[in-house]
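In what follows, chain A forms one complex with chain B and a second complex with chain C.
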Partner chain A sequence: MTKTKTLLALALIGVCATASARGDIEMLARTCNGCHGVGGVSVGLSMPSIGGLPKEYLRNIMKQWKYDERSAITMNRIVKGLSDDEIDALAAHFAKQRWVPAPQQASAALLAKGKSAISENCEDCHGFTGSDPDVDAPRINGQWAKYMELELAKYRDPRFKMPHRKMKKAAQDMKPAEVPAAAGYFGAQDK
Partner chain B sequence: MAARNARGLFAGLAAAALIMIAGAAAAAAAGAAPTTTVPTTGTPVSDPRTTGAGEATASPPPPSIANHRCLRCHADPLEKEVIQPDGRRKNIYMDPEVFKHSVHGKVACNGCHSDVTKLPHKKPLARSIGCIECHQQQRDKLKDDPDPKKRERLDIVVQQTDNYLHSAHARPNPKDQSRVNAACHDCHDAHNIGKPGELARAEHRLKNPEVCGRCHDKQKTDYLGSVHGKAVVEKKDEKSAVCSDCHTTHNIVSPKTDPMQMAITRNCGDCHKNARKTYMASYHGQVNQLGYANTAKCFDCHSGHKMQKVDDPTSTVHTNNRVESCKNCHKNATASFLAFQPHGDPDNREKYPGLYWAKRFMQVLIFGVMIFFWVHVLLWLYREAMDRIRGKGFRENLDQPDIVYFRRFSPVWRWIHALFAISTMVLILTGTSLLFSHTDWAKAVVVFLGGPKMEGIVHRTAAVIWLSIFLFHLGVVTRNIWRARKTFAWFGGTSLVPGLNDLKDLKNMFKWFLGRAERPEFCHWTYWQKFDYWAPFWGATIIGTSGAILFMPEKTAAILPGWVFNIATLVHAEEALLAAVFLNTVHFFNVHFRPERFPMSTTIFTGAIPIEEFKHDHRLEYERLVALGELEKHLVRRPSRRVDLASSFLASVLIIAGLTLLTLVLYGLATAN
Partner chain C sequence: MQTLDRRNFLKAVSGAAAASVLTVPQSFAATAKARVVVVGGGFGGASAARYLRLLDPGIDVTLIERGTRYTSCPLSNEVISGERDIRTLQAGYNGLARRGVKVVHAEVTQVDPVNKTVATADGQSFPYDALVMAPGVDLDYSAIGGLTEELAETRLPHAWKAGPQTLLLKKQLEAMPDGGRFIISVPKAPFRCPPGPYERAAQVAMYCRHHGKKKAKILILDSNDSFSKRPLFEEAWKALYGYGQGGMIEWVSGATGGIVEQVDATAMTCQTTFDDHKGDIINIIPPHRAGKIARDLGLATLKGTWCEVRPESMESTAHKDIYVIGDSCVGGELATGNGFPKSAHMANSQAKVVAAALVARLNGLPPPVPIYTNTCYSVVGHDWGFSVVHLFRVENNKWVYVAKGSGISPVTFGTKEKPLPVPRSYRKMEVAYADGWLRNLLADSFA
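Right after this comes the complex of A and B.
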């Protein structure tokens, strides 16, 4: 009898602990909502959506910020307050969310120019519409164009520490006018 | 033979016709549907997304992806490795400079990696490289090209891929039947395949043990410690044997199979030419050359992957270890085996003086006898032909055929001759099929007999019969001489013992040949008949003795040193050749083919010779018997028609068999090395 009670008690503690851990991540993830939106779906033009991006990608960039391997304005400060386990958990949490594209209007001329630019520099890793990325690349179809433009500027500027060599090279290979066109093209993609 | 050739010719014509029909059909089909093409770096880049479904062919080419797009990831020297989805690190680097200069340098990446139809591609990348199909198609494209040099290399590649498809590597892997044991790219460094003579090929050759060793680890370890392995790895000696030199490059099957064992044996000889030559001349090699692997092969004695030089104490053929190696087959091998020279070369005087002089002696004997008697034959033919033209010489009187015959041979000699002739022919056939194992006829004979073991049994059985007849004949001769011991004349025309009179006859015979004297007259035995008797007599002694030594190698090695086998093998073969050629040319001419006898004499089968012919050939004996009043005792009636027919038939069969054997032997001699 005593044994059964003990087992029951232990099981209860286990369930509570799991619920508590899950609850903690939910709580922690909510702190991201202010910028990245509920479920990682951003509504700000310069803030990226992160829900549904690959876990490895999310984890990698957060750790790169935390350990100053990647330049950022605010994210490096924020993630320094997180443990590695919390980063892993957050990455897993947002990877589980659904990717919700936010297709933005773009002129036909911009789209044509963007298509030409991305086929040369972006498509090989992100896919033709940005929805078929390589293992270490994020989806970017329907991502906020302004954000992508700003991010590309970081990649193109040698003063910024951006560890992904291939992305850096591809971004630097682009002509200045191609940057907003490529961002606009991917931002306009629904699927 | 002729029939087989005719069948072969017919089959060849039929095959050629089929190929032509197939070729025509293929050409017609080529007009209807384009074949798959491999994109090259020079091919205009087409957009897969704009390819309409209606344009799709039965076998559509993969859409071209410009190589520089692939090289963005695969040619980054600072990031050669990626982490695969399963967590494993993988080297994806390919040196574009190396690839550019390789034989495939102009082929687009997804010309071979045809699974990549878009970027980014799936990870890990499927190995869907169709080397075989592609090479076949490239070759087919050039099949009608007037310049055969353009497809020379492709012909070799296609032949090799065909060999590969029949190899053990192309079979499904027993542990995972979805893949083969080894595919092209498992062995070939696909991005660095050099053209013949280029450095890349030499490098690939030196890497061969490492490449094969990826799967065959134990063999690689053994090989690296061997004389070949050390030369390749430590001295970078590209001439030393690597795996593919022995096992072949593409036609690799299990080394436990006979064809592979024989191929390996042949391949050893590509470098060790003299060793192969001497091996192939030995009994071990002769059986091997016939297509059977049941005698010792190179690796049986020298070991395979662990091979060392003979003077290395760890070598299986080092003096300290050799008898043990012999015991693998010869269970009762003794120390005498050490004196046997498996690679004894009768043409190497310094190393094998005994063998050298034995061969010289046999050659002088053979050439001396044959030249003398062939000259004898030709002159005799000339003289008899001339005499007949002039109406001289012996002619059968057709108006009054002989009804009285002289009895020359009693039944016992007739039986002895017949059995001796048949067993000799069997011995020639089975013996020379080994001696001339390089010929197709020898291989066919051994297959017909049921393999070299059965051939050995037939040869030995015939040898026992042959030797028994010889010994029996000695007994009969001894008995006859003993019975007539008081009156037996050892020398003279009634004795087979050669005397000075025979030399005189020989001299007179040559005078007659040259038209300087009348034909000499002979007694009971002519000098050529005496030679016909004594040549096989001593031949039988030599062949019999050497044959008995070879018959029981382990037993004779208990008494005699091993080098005796070398001498016995040589003498046995050379003497047998002499007998085969002499009997089927000179003996046949003397007895059957000279114009007075042509086409044959049946005296040795009926035992009787027409009295007029006897008078002509043995005038002195006839006169002697008449003077003694003993002629009547030897006269018999003409053989019955049936006996005559049977004798003619038997003589015909033996003559045809003899001439066939002669042809085979001469063909073997003419094609030997």
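Right after this comes the complex of A and C.
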């Protein structure tokens, strides 16, 4: 065996050792793919892409669901079966994936309406195109608009427990027609 | 310091790939280290083939499936009511072929577990190192007097395998007169898609309500005494269509005469232990058992009906190197009544377990710790849906149902002290999530 090959092999054994220690989290993360897509890249309009979202954000929302600090439709049930360590590992796992925007078509009128709505309510925390979020906020450029509309509906409905005060206030300040416009605007962004 | 020969070097390379989905350099992946044959291209089989290639491109994977296009059973009740185009539920096998799966469209006639080969009707033979069986369910027409497979394809469609019969049942519904009666006969559990018959009743009722058939009746003749997501279904039926006495939907339990024993396709009646019922449409879902090819092979070790498997790997308890996943297998915490539901998502989850277990085994790596999950949505109205989730772990080589990570959508909102009705907006969101779930599940299995 040549020296290069031996070195490569040794490097790979290193990878292998780390990988087998991580094996279980990979197995667990794969169960998320059924609804959120491989690597957390969703192809279902109502289901969010989660690959490449900030670790802090992912960990926070999963723990909030687990401890009933935040309403959800399905996720609050699922995460109750996970340990805090598993939640941390899942958050780290998906945060490491590449964010793959799915830019969706939107009419010029909707984009214009969306742009004005987001500059008032969203830009501060998520950035002008949704790709430059604060530490506790997700990226939303090219996130599914349908998903964002559903999420905004939760923030706007007092019967849903949504713990992020700033987000709640921003969502509730929006006029009804601004909701699909803002969602459509961010959904259309590729970068 | 230990040096590696070529064989172990390959192991190391693909072991890394197995665990972290690295791309194996083409030159290393060129020699197949093992041949895995997958029989059956539904959600389970397709997912198994896909994940085997994703986790280790060095494995040679052959998928044998009769059909060239698959139709999802999940959400196919929406096709019957006209809410959904059947094409949105279909997937072909090109995605798997692009991932390097050898897709063979043929009928499997025999498996030889000693010489490890699979034979197909067209005379081909496929040797394997490991075999994944995902044949789905067979419907036992002989269990109901007067019922035949031919009748199911013409007058009495079960529409329990989505496809032509789904469209036939839809046509029958469209032609049903106002005041007509739609009978659904539910087999003894376990059967594929536990909430399916009850979702179907709702979809039929929705169609009738919106298409000038307000006097229609849907009669569910059940061989069982309760059913999946029951409080959720009953709430929705009551609110949307009327349920019970005078309502559009009526449910008869097994104990009160719901077990259909005989059907007469000419008189259009079905006979239960108690009574005769006349229907304009009789939708008999026959009892289920593991696919014939699995039973022929002796894999159906549970009452000759279902295939028992090992929790850590899904390997058959009857034959070494043969794994059974999907609706044919039985697993979960059976002692507490928390068996694996026979669902698409469950099959997809089992496929991931079998793929990881096989990749580890074929690479000489320690077996991974499995985890099984299920999510299943039911859509009962334009703006009303709900779901169930399941989580199973494996402890001491046994499945453990994790109640904390499982359960149905809430029946009430608010607090225990001050319960409130669940907002309609909440139920409506589940309709949207159902669609997103199905699209991702199809992609995670076939893309």
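Quick note on the criterion: the second predicted complex is superposed on the first by the 170 of 191 C-alpha atoms of A that agree within 3 Å, B and C clash if a C-alpha of one lies under 4 Å from a C-alpha of the other, contacts with A are read in each partner's own complex, and residues count from 1 in each chain.
Please note the rule applied: contacts are C-beta pairs under 8 Å (C-beta built on N, C-alpha and C of every residue); 3 or more make two chains touch, one makes a residue touch a chain.
Quick caveat, the model's predicted, so the values are computed rather than measured.
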{"item": "First, second, both or neither for A:Cys35, with chain B first and chain C second", "value": "second"}
{"item": "Chain B versus chain C as contact partner of A:Ile73, first or second or both or neither", "value": "second"}
{"item": "First (chain B), second (chain C), both or neither touched by A:Asp132", "value": "first"}
{"item": "Greater chain A contact set [chain C / chain B]", "value": "C"}
{"item": "Which of chain B and chain C A:Glu26 touches, first, second, both or neither", "value": "second"}
{"item": "Touched partner set for A:Ala92, first chain B, second chain C, both or neither", "value": "neither"}
{"item": "Which of chain B and chain C A:Ala112 touches, first, second, both or neither", "value": "neither"}
{"item": "Parts of chain A lying in touch with chain C, wherever the complex brings them together", "value": "1, 5-6, 9, 12-13, 15-16, 19-20, 22-24, 26-28, 30-31, 33-38, 42-47, 73-74, 77-82, 144, 146-147, 150, 153, 157, 159"}
{"item": "Of chain B, residues touching chain A in the complex", "value": "49, 69, 72-73, 76, 78-79, 82, 85, 118-120, 123"}
{"item": "Residues of chain C that touch chain A when the two form their complex", "value": "3-5, 9, 12-13, 15-16, 18-22, 51, 54, 345, 348-349, 352-353, 356, 360, 365-366, 368-373, 375, 387, 389, 391, 402, 404-407, 409, 413, 420, 423, 425-426, 429-430, 432-433, 435-441, 443-444, 447"}
{"item": "Complex interface listing, chain A residues touching chain B", "value": "123-128, 132-137, 165-166, 169-170"}
